[in-house]
Amino acid sequence: MDVQKAIVSKTKLGNFFEDFCLGMEIAHATPRTVSSGDQALYTALYGPRFALFSSDEFARSLGLERSPVDDFLAFHVVFGKTVSDISLNAIANLGYAEGIFGVPLYPGDTITTTSKVIGLKENSSGKTGVVYVRSTGCNQRGEEVLSYVRWVMVRKRSSGSPSPKTIVPDLKKVVSVEDFILPGKLTMSGFDNTLAGSSFRWDDYHVGEKIVHVDGVTIEEAEHQMATRLYQNTAKVHFNNHTESQGRFGKRLIYGGHVISLARSLSFNGMENAVKIMAINGGAHVAPTFAGDTIYAWSEILEKIDFPERNDLGALRVRLIAVKNNNCESTPLMDEDGRYHSDVVLDFDYTVLMPK
Amino acid sequence: MDVQKAIVSKTKLGNFFEDFCLGMEIAHATPRTVSSGDQALYTALYGPRFALFSSDEFARSLGLERSPVDDFLAFHVVFGKTVSDISLNAIANLGYAEGIFGVPLYPGDTITTTSKVIGLKENSSGKTGVVYVRSTGCNQRGEEVLSYVRWVMVRKRSSGSPSPKTIVPDLKKVVSVEDFILPGKLTMSGFDNTLAGSSFRWDDYHVGEKIVHVDGVTIEEAEHQMATRLYQNTAKVHFNNHTESQGRFGKRLIYGGHVISLARSLSFNGMENAVKIMAINGGAHVAPTFAGDTIYAWSEILEKIDFPERNDLGALRVRLIAVKNNNCESTPLMDEDGRYHSDVVLDFDYTVLMPK
Amino acid sequence: MDVQKAIVSKTKLGNFFEDFCLGMEIAHATPRTVSSGDQALYTALYGPRFALFSSDEFARSLGLERSPVDDFLAFHVVFGKTVSDISLNAIANLGYAEGIFGVPLYPGDTITTTSKVIGLKENSSGKTGVVYVRSTGCNQRGEEVLSYVRWVMVRKRSSGSPSPKTIVPDLKKVVSVEDFILPGKLTMSGFDNTLAGSSFRWDDYHVGEKIVHVDGVTIEEAEHQMATRLYQNTAKVHFNNHTESQGRFGKRLIYGGHVISLARSLSFNGMENAVKIMAINGGAHVAPTFAGDTIYAWSEILEKIDFPERNDLGALRVRLIAVKNNNCESTPLMDEDGRYHSDVVLDFDYTVLMPK
């Protein structure tokens, strides 16, 4: 019987809502050294063409030592670390805010992630609650690579357990310009439009402008599984068809971040010079995606940010929308009842640097 | 309305036949640093076993600094760059000629591609035309890695637009020996048959000899999509099942280069010592392939090329044929009417170095 | 006719039972330099989270120069080299024994494999026989990375050929402690439980303890094909649906090693600190797996090994069982008739280091 007890205790079943308390700090397992192999896989999985992440020579022309790995590869690796502690029993990944990219993540760098619980709110059902965490990924020198807040709906272990005091953090709707961390040596004064793929620069984009990114890509099971494992994200719903075929959707669910990366890569066509992401202002996976779905995307320019001391670059705040199995032109963002159109799967708000 | 105009102008829809003119030079976007990660993916996608590209030690035994990436990985990367400018509106990729491999492409090298329009011919329908381009990929030192001609059938924007003067370039049927670029330090005097996998060397092959490569490999959607994205090739027909399921074939079409790499990898069995490709003399994708197809291949020795000043190596001109879903032994190249047998998908003519 | 003869002789059809003789030594083709790209693919294919193989910094904290590639990636590469000489005509891969891991395999190292025939036994049918080989993979300095014995059932070319003398090697049931090769500089005195993912160390595990690893993963065709090609393993049954759909199982068969790696990766949940494999004591692929199958795993602690001179680490001998499409809790290892339960696919016995 001793042995049976050991079985229960060694295997992790993930935290439930009751296991979180305000201010709790979690150091996540498995630091991760990223490599040019990870970037190659990222390219194979999404087909990004932004020159900064594709060419060491181009990166050097902007003042960096070489190409960093893609911003969203960094995001997914940081996110992946948090899953087994934060969202293994999550029902839904509800939103993102206050995401700030710090120093670039280079091949050879090792990233370690920690999270802090910054909010808790039990749902009225008494069966679930919302957990807010700020997660931070640092490199081997302790420099912040990415910090962001996300909130997830997590199951309670027991509906009878007492409710925690409700604390909903006061999150900024938009990351402040003063919180941006511009890579020290980055300069766009020698930015080469031809190599980057477009002559449209910061001045050419207008608030309210909508850019439909033309192409669509169909997702295969092997692709999203390989991607999600690359990030060491172990959420069960992405991998186990034996149980998921009997589950909520009758099939495996695709990691929401996979759709972010597909949409960002599609956005190259029309936003070629949107090279380096500064901030994730917000984001929601508004509907699930499954293998076989075809993803399309459009962008809307929400804001133009000028840095008075920089005449080589500015920033754009962009709303990136992904739609499935439907033409972007014929898909409204919202239905008449004010809810997302049923084909919209992602509503993502980020800020990106662009040469002036 | 200003904003609406911006939408149209920022997104690229690719060039149409009218957009090309003779002598036009195009610098393609997104330089690409290749890495050992790309080579690992290439291995996972095709399973090549040629020792030169698999082992740094073997490469050093031939006088090189380390293993270059596979010749066809270099080809696909150069090709991929050209797609968004040349063949986004292509109906068919008709042929290749005058392909010359230059300096080896090593992990860490950055490749940049340019193309020049060298021929134009409108089709009698008035709806399409053939564009001939010479594309050249150079490394970060400006050294040519690969130069080749291809011609594609491209849609006209409007059947009413005027026809250009017909110019069909005079292309060599076979790359001349004097145009070969032998890697400077390459020597096969210490070539190890055992490590390479065969004792058959240049002297053992005969003009007219046909080598059936035994194995067959079935293609999966996830594989060809990952391959094609790795090369940053964005041709729509390979990725979008939402539209392609309503299109010409009712499904996604596989990038022709994927079949070249599969056939070349299959050719290891029987041509183990065919280590370094010198030239692509010609090639045609004679029928489309789709996920689920199983590819087989055979080679025919067309020519033996002796370099008088070299007693360590010679070259073979090889016709590499890929067939789908049919035994090579029972598949003739041509039907009785003189047209390709319906199961033949690739007819490719290349020249390769082999130890003497 | 000369030309036709050449066709037959150049293409390898693999060895048949008659082609092996006791003491025969085979140097396998295609040395292989492993890279961080291979490790990235390994991560994408299996999702391992053991810190030693994920983080260069963690590896350095244990005294190594950087992260080696995963132990089973080394195993698969060594195994893959042997296929075209040993098991191309195999009906079944029957077992493993006496597997000893030597020096760690680092990105940049080149592995070369040789095998020696150590046993032969014709089956009573006269149509097949069992071949026992010891295969050894060495790095570019000639240091052993892995040595192991496997035995396979191979077809005879002709049932009429004479039987060899039966020699069944006397294999150890368990690799002896004195045969272990502990990496010279490896120390676990500074082992960080938090980064590794668990506070359970060697002292916390008990002989007889069974750990059910909770999660299940569904295998896709593209995944096992990419994995098997990454290892340059060319066994036909894994790749050719054109013939396999007419074959024994009506579909492609998954490389048994793919299941070993999936099970080992699943075992992270409950055995997070089982960082470095010392030995493969035995193993059998007791039933075939196919795309669409979902793999689960459990471990049973068979033995605890204490190294008197080391107070930083010990070893555990572990029986790793993989099951398909069935809950581990409800799947017995053996049926009432003493045969493996029909859902059990792997019975694998290995020894692994763990911090004390």
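Order as written gives the chain letters A, B and C; numbering starts at 1 within each chain.
Definition applied: a contact is a pair of C-beta atoms (placed from the backbone, for glycine too) under 8 Å apart; a residue touches a chain by one contact, two chains touch by 3 or more.
Each chain and its UniProt protein: A, B, C = MaoC family dehydratase.
All figures in this text were calculated on a predicted structure; none of them were measured in a lab.
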Original post:
Chains in contact with subunit B (MaoC family dehydratase) and with subunit C (MaoC family dehydratase): which ones?
Top reply: A
Subject >> Interface residue identity across copies subunit A (MaoC family dehydratase), subunit C (MaoC family dehydratase) - same or different by half >> reply: different
Subject >> Rotation, 0 to 180 degrees and nearest 5, that superposes subunit A (MaoC family dehydratase) on copy subunit B (MaoC family dehydratase) via CA atoms >> reply: 120
Subject >> Averaged-CA centre spacing for the pair subunit C (MaoC family dehydratase) and subunit A (MaoC family dehydratase), given as whole angstrom >> reply: 36
**OP:** For subunit C (MaoC family dehydratase), jot down the residues that touch at least 2 other chains.
**Re:** 35-38, 40-41, 220-223, 226
Original post:
Contact residues on subunit C (MaoC family dehydratase) for subunit A (MaoC family dehydratase) in the complex?
Top reply: 35-41, 43-47, 49-51, 54-58, 67, 194-198, 200, 204-206, 208-218, 220-223, 226, 269-272, 292, 294, 325
**OP:** Would you pull the subunit A (MaoC family dehydratase) residues touching subunit C (MaoC family dehydratase) in the complex into a rising list?
**Re:** 2-3, 6-7, 10-13, 27, 29-33, 35-38, 40-41, 84, 107-108, 110, 112, 140, 220-223, 225-230, 232, 234, 236, 239-243, 252
